[in-house]
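As written, the chains take the letters A, B, C and D, and residue 1 is the first residue of each chain.
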Amino acid sequence: MTRATPHLTYVESLRRALAEIMADDPRAVVLGEDILDPYGGAFKVTQGLSTRFPERVFATPIAEASIVGVSVGLALRGFHPIAEIMFGDFIALGADQLINHAAKYPAMYNGAVQVPLVVRTPMGGGRGYGPTHSQSLERLFFGIPHLKLIAASHLHDAGALLKLAAADPEPVLFVENKLLYPLALHLSADGAVRSFATTLDRFGYPVTTATNYPAAQIPDVTVIAYGGMSRLVLPLFDEFAGEEIRVLACFPSCISPLDPAPLAEAAAASGRVIVVEESQTAFGWGAEVAAQLYAALGAQLHAPVQRLGAAPTVIPAAKSLEDQVLVSTAVIRDAVFELLRST
Amino acid sequence: MEHPLAELFYAQMALIRRTEQTFFDLYAQGQIHGTVHTSIGQEATAVGVVNALDRTRDVIFSSHRAHGHFIAYCDDVEGLVAELLGRAGGVCGGVGGTQHLHTGNLYTNGVQGGIVPNAVGAALAEKLKQSGAIVVVFLGDGTMGQGVVYESLNLASLWALPLLFVLEDNQYAQSTHKQFEHAGNLADRPTPFQIDRTELTADDVLAVHDAARHAVATVRTTGRPYFLMLNTYRLAPHSKGDDMRSEEELAAYRARDPLQRLAATLPEAKRAAIDAAIEARLDAAVVQALAMPPQTLVSFRQQGGGWQR
Amino acid sequence: MTRATPHLTYVESLRRALAEIMADDPRAVVLGEDILDPYGGAFKVTQGLSTRFPERVFATPIAEASIVGVSVGLALRGFHPIAEIMFGDFIALGADQLINHAAKYPAMYNGAVQVPLVVRTPMGGGRGYGPTHSQSLERLFFGIPHLKLIAASHLHDAGALLKLAAADPEPVLFVENKLLYPLALHLSADGAVRSFATTLDRFGYPVTTATNYPAAQIPDVTVIAYGGMSRLVLPLFDEFAGEEIRVLACFPSCISPLDPAPLAEAAAASGRVIVVEESQTAFGWGAEVAAQLYAALGAQLHAPVQRLGAAPTVIPAAKSLEDQVLVSTAVIRDAVFELLRST
Amino acid sequence: MEHPLAELFYAQMALIRRTEQTFFDLYAQGQIHGTVHTSIGQEATAVGVVNALDRTRDVIFSSHRAHGHFIAYCDDVEGLVAELLGRAGGVCGGVGGTQHLHTGNLYTNGVQGGIVPNAVGAALAEKLKQSGAIVVVFLGDGTMGQGVVYESLNLASLWALPLLFVLEDNQYAQSTHKQFEHAGNLADRPTPFQIDRTELTADDVLAVHDAARHAVATVRTTGRPYFLMLNTYRLAPHSKGDDMRSEEELAAYRARDPLQRLAATLPEAKRAAIDAAIEARLDAAVVQALAMPPQTLVSFRQQGGGWQR
């Protein structure tokens, strides 16, 4: 296990995990664009790796379909590739390989092969990179059979999660978040986080629950979200504690397929649910969460599930626009107040 | 003079031919659900190349027109017939069907071009394992339209991978002649990636085999990719009945049928004996497959499509 | 307008519409694999077109990314391309072009350009084509901003719908269905269809409502579905009429973005909703529909929204398996009975 | 002897250089949100090629490193500065930013390779319109890794389209030298598609311009594609500060700076006057842009991102 201390950053946690995976597993292979030292990758997650494991770290041409496709071939033939797609926006170029190759071979060959690969990629906006470098395109792969989507928030031990993904016999799209990289992981009841718990979903992936009130109390509102949204939700803890609003935040890490049970439990606690995702809400992650929660909880929900996300348009480069198109702490705060006012 | 490999190759080619014809029959009878792409007329490429490989370790990727590669590789017509008939006893339990086959080190998929980077990854795997194995990827003239093929040529050469590209150029992609899909000569495409190539007409399986042995040896000894372009022709429709080519053109190629050409070098009796054995084997394969239960959802879930709702 | 008669088949309706679009609009251009006569396309939708308009119909190499990408360039420069992707499964190869090019240019250039293209493609299983030729991958594009997904059922005038799509200033993915091609369009109250109505959603696309009972009565159950599912839903009309179960079927054609209003109205009529889609239900179209209906109708729903679709795995080639993995009339029938029993 | 175009080209190149440097300054000051890819050292390719075009009708596609192409094409530094500063008055209202620019017949996008089939489509459009216009697509050495580029080479040749591919080979893709991304010589890549090419070192803008004029004339008269490979070098980091190249290597290329080379052919006074005018213009552009209101969601919704919830 990665020993995560509260001071380890998200990027450092991932970086160490990669090195440990490579050290422990001689079949692990890492590939991607610009990942060799001294550069060490656009977001530095692979830094140091090519120096330590020069024979198993490959810089690739700019050819995302092949980065995924080569990984599929490696995985079919006994290796455990971990590929990096420099920006998550470019995963669309690997969609055919993920959907029609990686996720198809095991089932269509009736179980005779496995494709244990991980494709890591940073998603998300907020850095002013504009319309083609800021999206959260994991949405393309929600619900694709036999493909797992794992998203690391900074309430998860990101490195440990990457190790779980690397040990998964199914192909995994591992979603990182650009704005989380420099943040320290937050893995315990600490500061405004008054209780912190991790359970495993039925796929064996952690679901983190954090509250801004002592464990025994009942929450006023449940915020369900994943990945980079932890950056927006956590700042509300302190503020709401001051106003005596009890918030329960629930962050699953396996976002597709989705085990609704832990989410339903978190939702039932308050009966008031806000789902936050970075991409546009229409047909997003929150749609499935909401549909599942309604089916599971029915009248236990005091109000319709609120879904928050980006406005249904491109993510502009200009900061003034980007801030407004993307969901923010302020938007979540308003939604909480509104929900409490109305119920 | 009978070539020492002629009998073996004839047996394989005739088996492929008759299996493909059997599929057409089964399709016409409504036993085959879906589609079927046969390699009738192209048997020399499958037999010539696959017999140049080391079946104990080499790896094969192919796509929608792979029955010939499959049979030349593993001879398992029984498993193939059962697969196309959707039986539990098919090589992929009936899940894959004609386009999605796997057995041993052979893998096929139905998205044109998509297997090519998979083959690159497999070649990298064999290189890392230092297994001495090589990887062969079969692709068609039409498939040379896909960009990922060029990404793969580049990678295979850049990383010095033991990968043999075999282009089965049968001049057509479905209904479209290659002159309407490609600028220039396809044989030149690997050149700027510094991949050597041989181009030859694939009427004579023994010549194909020689060229393939040379290509395989080159890949194995240099550890670098190679490109073998085989000019062939499909004598049957693209899939089920969709043939727009002129009777004239077809007749000209029928006269050059690689199976007949090889047959002519064998004594009639030998040939007849082989043919008879194939008939009997195929009849039995069909009877046996039809008697098998269709694949069930329960066993598919247990084996391949396991899911938790 | 295409004059659809009850005897026109789905494929014929589309074929005529294409010819009429080409005849009326000198800027219309058609491109795709194997679309030239005499072959006329794998599913024959383009048959006759290249003979009539040889200078504006282009057979392409097998290069789906470029088929979409070339269409984008044509559209940027004043043409109205209608591209065919031979099987919908291969649209994954065009995902980057659709998402990061077609749907991005107008908004990211702040409205200075338009990309009026249509990508037509047949989706769906049931023909035994196996895992890579049977999917309903329109799901990848649900909710992608500035991209419209239009699905023609055989309760729509397919050709008229294609014309609407071709006149849309936004890029459109036009979803056809393999099993509908040979079916006669069903465009009026006729046979088991006792009432038939078409309204327009707020994007101007038709929403068809058909019932197996006279218009004045109240339905027992509302079935909301799109595209190829009309083939499965219609056979239930007769059968249920015999059992005095009143079914209201609602088929929108603009499936993303989604105007929930007409669906909510259809759902409110019975308070019991079944959503059917051909793809897997998880994170599917029905998730958004369900989330919207709950939010709109709340306690007006007598039961949780039932979502029916494919099992979460590949679509097998073997008929015995394919039939069971895909949703069927039988599955819908059972769901209706179950819903009525439980409420 | 002063070349008749030297003054004009110097003015354009110096304007590009100083604009790019201004962006670095603004970035350092925290005024530019996001990233910026500058073309410092590559000004000769933009100016040499774009001036060979007919600005009234020809079409340009480019990608992330397009400021030079943009300025050479339309001279609108004010619109560009405002764009990078996210102002409503930017050429794309601040929505696109550095990588996503459009003005007149120029289009850029930030996904490497993706614009190339768009350029093919645009060339087909101009051909169908019989406009006599040609299309130019700029791409980098790294971008030659993308398969869609080869699909496009094939289509442009097969369909005989008026498309000029300009490969700005600055040897690097981000941090990676082309020897780690490419097998063989990139100049050979168009050959099997039957596309002719010229390769030259792009230190001398006048030589680039001559080659570009020849290439443009060839495309315009033959109606067929052409490939111009320009060996250039970027003297600044890939984007903001990520430079791993040796000081030695950089120094060698600084000594060959195309801007200095051209400057040396001009009288000092002329040059100084041009430089001074550029400084004044840029200062004003920055002041003016900073005084503009940032783009608002309301106007973005009205113009480009209109949506209905």
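Worth pointing out:
Here is the rule we go by: contacts are C-beta pairs under 8 Å (C-beta built on N, C-alpha and C of every residue); 3 or more make two chains touch, one makes a residue touch a chain.
Please read all numbers here as calculations on a predicted model, not as lab measurements.
Common neighbours of chain A and chain B, listed by label, are C, D. Mean C-alpha positions place chain B and chain C at a centre distance of 36 Å.
Centres computed as Cα averages put chain B at a distance of 46 Å from chain D. Chain centres here are Cα means. That of chain A falls 31 Å from that of chain C. For chain D, residues that reach two or more other chains under the stated contact definition are 93-96, 100, 109, 111, 145-148, 151, 154, 158, 180-182, 300, 304-307.
Annotation for chain C: residues 60-61, 63, 65-66, 89-90, 93, 96, 100, 104, 107-108, 130-132, 145-146, 257, 312-314, 316 touch two or more other chains.
If the chains shown are joined wherever they touch, the resulting network links each chain directly to all the rest. Those residues of chain D whose C-beta lies close enough to touch chain A in the complex are 32-35, 86-87, 90, 93-100, 109-113, 142-147, 173-176, 180-182, 242, 244, 294-297, 300-301, 304-307, 309. Residues 145-151, 153-154, 157-158, 180-185, 188-189, 191-195 of chain B are the ones that touch chain D when the two sit in their complex. By the touch criterion given at the top, residues 33-34, 36, 38-39, 42, 59-63, 65-66, 89-90, 93, 127-133, 311-314, 316-322, 324-325 of chain A touch chain D in their complex.
Here chain D touches chain C in the complex through residues 59, 92-96, 100, 102, 107, 109, 111, 114-126, 128-129, 147-148, 151-152, 154-155, 158-159, 300, 302-308, going by the rule given at the top.
On the chain C side of its complex with chain D, the touching residues are 29, 55-56, 58, 60-61, 63, 65-66, 68-79, 81, 96-97, 100-101, 104-113, 145-146, 202-203, 257.
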